[in-house]
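Next up, some structures in C-alpha cells.
Common to both upcoming complexes is chain A, partnered first by chain B, then by chain C.
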Partner chain A sequence: MTEEGRSTARGWAFAGPALAWTLVFFVVPMALVLAYSGFRRIGGSLETTLSLANYERALGTPVFRSALANSIEVGLLTVAVSVLVAYPAAYLLAYRVPARWGRLLLALAVLPFWTSYVVRSYSWLLVLAREGVVNRALLGLGVVQEPITLANTRTATVIGFVHFFTMLMTLTIYASLVQIPASYRKAARDLGASGWRTLVHVTLPLSVPGVVVGAFLTFVLAIGDYITPQILGGARELLLPQAIMLQVQRTGDFPMAAALSVVLLAVIAVAYVPAARRFSLVTR
Partner chain B sequence: MRMRRIGIIVTAIALVGVACGGGGGGGGAGAPTELNALVWCDHTDPELLRPFEEANGVKVNVKDYEGTGVALGILEQSQPGDWDVFVVDSVDVPRVAQAGWLAPLDPNDFPWDDFFPEVRMPEMHYVDDTLYAVPEKFGYNTIAYNSEKVDPEDMRDLQSLWDPTYRGRIAVYDYYIPTMELVAIALGIEPSEITEDDLPAIADKLAELKEQAALTGDVVTTQTALATGEVDIIVGGGEYVTAVLESENPALDWVLPDQGGIRWQQAIGVVATSEKKDLATKFVQYIVSPEGQARLATSSCYWAMPANSKAPLSAEEKEILRWDEQPGFIANSDPYFIPDPELDRKMLDVWTEFLGG
Partner chain C sequence: MRRLGTIVTVVYLALVYAFIFLPVATLMLFSFQDGLVPVPPFRGPSLRWYASLLANERMTAALRNSVVVGLGSAAMATLLGFLAAYGLARFRPAAARAIRALLIAPIGVSYLVIGLGLSIGANELGIGRSLGLVTIGHVVINLPLAFAVVLSQMSEHHEHLERAARDLGASEPKVLGLVTVPVVLPGLLAAFALCFTLSWDEFVIALLLSRFDVTLPVEIWSALRTGLDPETNAVGTLVFALSVGLLAATALAIARLGRRRSA
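Right, the complex of A and B next:
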C-alpha cells in the first residue's frame, strides 16, 4: 500500500467510529422519521403508501401554522432576552473579574445545570405562582394589591428558558471574548477610542461568532422544548412541540407527529444555514 | 479555525438532540424470573408489587405511560416477548385486542361475581366472545376543587364552570375525550350521542371555558396548580387528583355534578407475544384479587375505586373514595364514549383549536 493509501485508510479508521455513530443515531433515525411522515394513521391501522397528506395538514391547518409561529416567536424572544443578559455577564467575566474569581463564577454559572430540567421548571412554577415568592414579595411591599398572573403564561415560559439557556450563551460568548487579543482593545484605546467605542467597534464585532453560536443553540433548544412550555406556559397557547406530543400521546398518530417534527427541523435548518454561511460554522 | 470546529461540534450536538429527542424504549427481554408490565403509574407503587414478587419469587419490571397512543408506540417498537402485562383504558381494549396485542383470557380465572356489576362491561372487555382484559379500577373525570376557596354546592352544578366568579381559577385536564364529553353534558348532550353536528356547539362552549381557565395541563400540572393555589377548580379532575393530597390538604375534594360526569375505567390483560403467559395471568389474578385491589385503589400515584367490591379498604379510605356514594355516581355517570376514527379525528381537531385558540 502506498503512503497515500495508508494515510487514507488511517483517516477512515479515525473517522469510522464518528461516522458510524452519526449513521446509527442520526441518519437512520432521521430517515425513519422522514419515511413515517409520509405514512398515514387511519383509525387503528398504518397506511404505508407515501403521501404528502400530513404535510398538507401541518402547513394548511391554521392552528398548526399558529403553533409554528408561536414557537418561532418564543424562540426569538428567548434569544433576544438571553443575549441582553448573557453578553454583559460574559464581558464582566472575561475582562473585569480577576481570573481566580472568574473561574469560581463560571463554576457557579453552570450550577443550575446540575439539577433536573423538570425540577427547575417546577421550581419556577412555585416562584411565579399566585401564592409564590414573587407575588408574596410584591404584595408584602405593597406594589400590588392583588396577586398578578405570572405562571402559566408565555412570560413564564420565556423566563424559564432565559434562566436555563442564558448560562449556555454566556459561556459561548465568554469563549469568544477571551480569544480576542488584548492588544486590539489596547490599540483602540491608544488611538483615542473611549471604552464605549472600543466595545462597539472592536470587541462587539469580534465576539459576534460567539453570540451567533450561543443564539443558535438557544433558539434550537427553546423551539424544540416541550417540558417548559407545558409546565410554565400552562398550555395557554399551543407551541409546535406540544402539537407534536398531542398527536403522539392522545391518538398515537406518529406519522402526523413525524411530519410536524420535520417541519420543526426545517425551521431549525433555515436558522442554521445563514448563520453557518456568514460565520463559517461549516467547513468548505 | 478553533471556533469553527467548536461551532461544528456544538451545532451537531444540538441538531442530534432536537432530531432524536424523546424516545421511549422497550422493556428488554427479561430473565425467566422477571415479568415486564406496561402500566399506568399507579402500578409502579412498590407496595402494590411487593406481595406478588415475594409470593412468586419474581421481579416485576414496570414502565408507566400516559395515553394508549404512547403505549402502542412502545409495543410497536418492541420485540416479541419484551412485554408480558398491559394495563390499558377499558375503552381501548377492543381496538388493542383487534390489533393483536392482547392474548385471550379464560373468564373462569377471575372473580367476576365480586366486580361491581357496572364495571364488568363485556362490550369493552370481550371481542367476538373472547375475553381480552379484566376491569381493575375506575373513577371519574369530573370536578375537583378546593373547598376552602369555592362553594362546594356550586361544584354540584356544571354551569358554575362558566360563572364569572370563577374566572381565572380553573385548570382544564388536557385529555380531550373526557373533557369534551363533560362539556357535552353541560350542553345537555349525552356523551354517547355526540355526533359531528354537535362539535361546533362544543367548540364554542370550550372556547368560553378557555376564557375562564388559567391553564390546561396533564394530571401532574393540574394537580400541582390545585395544590399550590394557582387554581381552585380542575375540570376533568376527580378522586385520582385529590385523594393523594388528602393528608396535606383535606380541603381538596371532588364531586360528580348533578348533571353527571364521565367515568373512566382501566383494565389489565396479558400481551399476546408474552413468553410468560402463565406468570402474567397470575399477576392479573393478583391485581384483581381483594388484596391487590386494595393496594391498587390506594396506590401512591393515584387513588380510585377498585373494580372488586371485596377490596378490604379502611373506613377512612372508603370515605375519601366516596364509596357509599358510588351507586348514585355510577348511575349518573357515562362511561368514556368511544368515537369512531373519523369523529375522533374531528374531536381532536376541535381540541387542538381549543389549545391553540
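Right, the complex of A and C next:
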C-alpha cells in the first residue's frame, strides 16, 4: 500500500465510529422521515405506496397552511425585533463602554442563557400572566384599569423569542463590530463625515456579516422551536412545530408529521440561500 | 452633547438588561414565595418550595436521569468526536471534506425532526421508547459540536510533538494516550462540558423518545400543566444555579490547564 493510501486508511479508521454513528442514527432516520412523508396513514394502518398526498394536505389544508404562514411571520418578526434591540446594544458595548466593562457586560448579557430553555419560557409566563408582574405594575401605575391579556398570544411568543435571540444577536453583532479597524471610522471622521454618516456608510455596512449570521441562526432556531410557542403562545394559533407535534401525539399520523417536517426543513434551506451569500463575504 | 450621549448609553443598556433579566429575576424571587402562587405580592422569603421539591420523588428521579443521560451522551460524543478529529487532522485522508461535512450535517436539522426520525426508526424496529434512546439522540446532536471543538484544537504544533514521540519509538496507542490526549485536554473538557449542557437542557428529543423514566426538562414540562407553581420556580432556580456553577468550574479548569502548560 502506498504511503498516501495507508494514511487515508488510518484516517478513515479513526473517523469510522463517528461516521457509523452519524449514518445509523442520523442519515437513516432522515431517510425514514423522507420516505414516511410519501406514505399515508389510512384508518389505523400504514399505506406504503408513495404519493404526494401529504404535501397536498400540508400546503392545501387551511390548518397547515396557516401554521406555515404563522411560523414564517413569527420567525421574521422575531428576527426584525431582535436586530432592532440587539444592534444598538452591541454598538454601545463595542464603542461607547470602556473595554473592560464591555466584556463584563457581555458576559452578563448571556448569563440567562444558562437557565433551562423550558424554564425560561415558564418565567415569561410568570411575568406576562394575568396576575403577573407586568399587569400588576400597569395596574399599580394606573396605565390600565383591567389586566391585559398577554400570555397565550402571539405577542407572548414573540417576546419569549426576542428575549432569547437578543442575547444571541448581541454576541454575533458585537463580534463583527469589534473586528472593524478603529482607523476606518477615524478616517471617515477626519474626512468630515458626521457621527451619523460614519454609522450609516462605514460601520453599518461592515457589520452586515454579524447581523446576517445572527439573523440566520435566529430564524432557523425560532422556526424549529416547539417549546416557546407551546408554553407562551398557547394552542389557539398553531406554529409549524406545534402542528407536527399534534400529528405525533394526538393522531399518531407519522406520515403527515414527516411531510410537515420536510416542509420545515425546506423553509430553512430557502432561508440559507440569501444568508450563504453573506457568509461568503465573511470568509472572503 | 457628550453628556447626553452617556445618558442615552446608560439608559438604553439599562433597559435592555432589565428586559434580559426580568424573567430570571422574577423566577428566582418567587421561588422563595410563602404562598401558593408565584405572583405579586411577594410574601416570604420561605424555603418551603425547596423542601417540597426535595421530597418530590418524580423530580429527583428526573434530575438523576438527566445527569446520567448528560454524562453518557457527552462522554460518547466527545470520544467519537475526538477520534474523528484526530483521524482527519493527522492523516488527512482522501475525502476529508466530505467526512467533515457529513459529521457536521446534523447541526442544520431542527431537533424536532431528528427526534421524529429516531422515533420512526425505533417504531420500525419495534424498540420501545427509553432513556437509552434519548442518550442516542443526544449523541447525534452533540457529536457535530464535540467534533468541531476538538478539531479546532488540533494544531500543527501538536503534530510535531506526536512525530517526535513516534521517532523515539512510542507505539500508536502510546502516542495517542501520552501525547495527543494530554495536549488537547482543554478542548476535550470544553467539548464535554458543552455537550453535557446541551443534553441537560434538551427537551423535544427527550419528550419524543422517553416514556416512563423522563429527564428533568420533560418532568418540568409535565409540571407546567398544573399552571403557575412556586415549586417550578424552585426547580428552575436550582437548574440555573447548577448550570452557572458547572460553567464557572469548567472555565476555571480550562484556565488552570492553560496556565500549567505555559508555566
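By our rule, the second predicted complex is superposed on the first by the 249 of 284 C-alpha atoms of A that agree within 3 Å, B and C clash if a C-alpha of one lies under 4 Å from a C-alpha of the other, contacts with A are read in each partner's own complex, and residues count from 1 in each chain.
The criterion applied here is as follows: contacts are C-beta pairs under 8 Å (C-beta built on N, C-alpha and C of every residue); 3 or more make two chains touch, one makes a residue touch a chain.
These numbers come from a predicted model, not from an experiment.
Undergrad: So, A:125: does it touch chain B (first), chain C (second), both, or neither?
TA: Both partners, chain B and chain C.
Undergrad: Just to be sure I read the superposition right, which of the two partners does A:268 touch: chain B = first, chain C = second, or both, or neither?
TA: In the superposition, A:268 contacts both chain B and chain C.
Undergrad: Touching A:30, do we find chain B (first), chain C (second), both, or neither?
TA: Both chain B and chain C are touched by A:30.
Undergrad: Touching A:254, do we find chain B (first), chain C (second), both, or neither?
TA: A:254 sits against chain B and chain C alike.
Undergrad: Regarding the shared-chain residue A:83, is it in contact with chain B (first), chain C (second), both, or neither?
TA: A:83 sits against neither chain B nor chain C.
Undergrad: Touch test for A:193: chain B only (first), chain C only (second), both, or neither?
TA: neither
Undergrad: For A:92, select first, second, both or neither according to whether it touches chain B, chain C, the two together, or no partner.
TA: Touch partner of A:92: chain C, not chain B.
Undergrad: Based on the superposed arrangement, let me know which partner A:133 touches: chain B (first), chain C (second), both, or neither?
TA: After superposing on A, A:133 lies in contact with chain C but is clear of chain B.
Undergrad: Would you check which partner chain A:202 touches, where first means chain B only, second means chain C only, and both and neither mean what they say?
TA: A:202 sits against neither chain B nor chain C.
Undergrad: Identify the residues of chain A that lie in both the chain B contact region and the chain C contact region.
TA: Touching chain B in the first complex and chain C in the second, residues 25-26, 29-30, 33, 122, 125-126, 129, 131-132, 220, 224, 226, 231, 248, 254, 261, 264-265, 268, 272 of chain A appear in both lists.
Undergrad: Where on chain A does chain B make contact in their complex?
TA: 25-26, 29-30, 33, 42-44, 61, 63-64, 66-67, 70, 122, 125-126, 129-132, 149, 151-152, 172, 175-176, 179, 209-210, 213, 216-217, 220-221, 224, 226, 230-231, 234-238, 242-243, 246-254, 261, 264-265, 268, 272, 276, 279-283
Undergrad: Which positions of chain B touch chain A when the two form their complex?
TA: 2-4, 6-8, 10-11, 14-21, 66-70, 72-73, 95, 98-99, 168, 174-176, 214-218, 221, 224-225, 228-230, 340-341, 344-345, 348-349, 351-353, 355-357
Undergrad: In the complex of these two chains, what residues of chain A are touching chain C?
TA: Touch list, chain A to chain C: 4, 7-19, 21-22, 25-30, 32-33, 36, 85, 88-89, 92-93, 96-97, 105, 108-109, 111-112, 114-120, 122-127, 129, 131-133, 136, 163, 166-167, 220, 223-227, 231, 241, 244-245, 248, 254, 257-258, 261, 264-265, 268, 272.
Undergrad: Please give the residue numbers of chain C that touch chain A in the complex, ascending.
TA: So the residues of chain C touching chain A come out as 5-6, 9, 12-13, 16-17, 19-24, 26-27, 30, 37-40, 80-81, 83-84, 86-88, 90-94, 96, 99, 102-103, 105-106, 108-114, 116-121, 123-124, 136-137, 139-140, 143, 147, 197, 200-201, 203-204, 208, 216-217, 220-221, 224, 228, 232-233, 235-236, 239-240, 243-244, 247.
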